[in-house]
Amino acid sequence: MPQAMAEVTLAARLQRLEDLEAIRTLIARYGPLADAGDADAVSGLWAEDGRYAVGGMHEAVGRAAIAGFITGSVHQALMAAGCAHLLGPVAITLEGDGATAVGHSVLFEQRPEGVAVARIAANRWQLRRGNSGWEVVRRDNRLLDGSEAARALFTGA
Amino acid sequence: MPQAMAEVTLAARLQRLEDLEAIRTLIARYGPLADAGDADAVSGLWAEDGRYAVGGMHEAVGRAAIAGFITGSVHQALMAAGCAHLLGPVAITLEGDGATAVGHSVLFEQRPEGVAVARIAANRWQLRRGNSGWEVVRRDNRLLDGSEAARALFTGA
Amino acid sequence: MPQAMAEVTLAARLQRLEDLEAIRTLIARYGPLADAGDADAVSGLWAEDGRYAVGGMHEAVGRAAIAGFITGSVHQALMAAGCAHLLGPVAITLEGDGATAVGHSVLFEQRPEGVAVARIAANRWQLRRGNSGWEVVRRDNRLLDGSEAARALFTGA
């Protein structure tokens, strides 16, 4: 193989790994930032016009609305009690400048009787490579409550 | 270092990272696919002759038997109620065309009184590089119930 | 770009990915090794002079003290009952030969009435590249109980 081609190949393989790393890190930042109450940093994970759809409850469109989830009374009450937004490892599918990632989220909450598991949910993230790195275009979150809607987010993972 | 050797070295280092990435993704797909009830995709993570040993309960040998865990009545009842098969991050040890990975699994289940933690378990995965990529040769899963058998899966992680 | 420079660049990018991989694996080993009761292997994740601060309870300094957490009566009682020290995915920030990683930990414990969630906590890991690879300089762990101290570990994740 000519020298130039070998390098292009190595660089392309490296770029793919860097993309996966960037996406995995972005998603790993969500839970800690949400539990820290850092609304700007959380919403900054999304694209300017990004969406966060919490199935059957809310859909936030744009960073200001997403930040509003964090500053809102429901999230603030959780934080005051003590909570953990644990996200599991994600399986990522890269397609050029776009990507999809799927994984679980579990919400733990301090209650008088101890720590309770308040929610178990399926998540599908759609991401794209923006000018300043990967960003979330859309996150769909659905309670794993036996409904087909949640399972559909995981199909084809 | 001569040019050719430098490239071999870079390519080998890249291959190692790609192998780790492939194995981590394979294992990250298990939970979402299990919760989606996609029996073919779940069993397709295993080699044709792969094994899945759920300590003290069952051992499935071959893809059809592994798919049977997903289509079976226990798993279907869990799915109907709502469940999450959360797998934690894995620590992977690569050895040529084989690999071992260890990590936790936690089964959450919707019950009338709320979400319960139904199982906590230790997992050891043995994998090999097949013709079409990495595949599971054997997964051992044991309840973390104080027994030595579960702890042994984690020793030397 | 001259040949030599292209290679340096590729090698540096590869090194960064290898560092992230090494740190992620190191942290992924903690939970399985702790649940296996392997005190030497757990403490060996830390630097000789490493620290493990469990907020408001203990601070262990040095490997012998950290191993003492594992061999101590509290941890041994947990292991005898059955427990899972699940750590979530971490978000890692590399800075030369140092790194910071943040993520959740959840402690599950077998109790007569079933599996309980005994602790949810925030973790901040400080690491450095030692002579024989990455090692933990300090791990801070704080209960997510509504206190600012825990949230502070996650800020700027």
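Order as written gives the chain letters A, B and C; numbering starts at 1 within each chain.
The working rule: a residue touches a chain if its C-beta (ideal position, glycine included) is under 8 Å from a C-beta of that chain, and two chains touch if they have at least 3 such contacts.
Just so it is clear, the structure is predicted and the values come from calculations on it, not from any experiment.
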Worksheet, complete the sentence: Rotating chain A onto its identical copy chain B by a Cα superposition takes an angle, to the nearest 5 degrees, of 120
Discussion item. More than half overlap in residue numbers between the two sides of the chain A-chain C interface, or less? Answer same or different.
Written reply: different
Fill in: Geometric centre distance via CA averages, chain C-chain A, whole Å
22
Practice prompt. Specify, in ascending order, the residues of chain C that touch 2 or more different other chains.
Written response: 3, 10, 14, 17, 88-90, 116-117
Discussion item. Please output the residues of chain B touching chain A within their complex, sorted ascending.
Written reply: 3, 7, 10-11, 14, 17-18, 21, 24-25, 27-29, 31-33, 35-38, 41, 79-84, 86-90, 108, 110, 114-117
Discussion item. Quick check on the complex: what are the chain B residues that touch chain C?
Written reply: 3, 6, 10, 13-14, 17, 20, 88-92, 102-104, 106, 116-122, 143-147, 150-152, 154-157
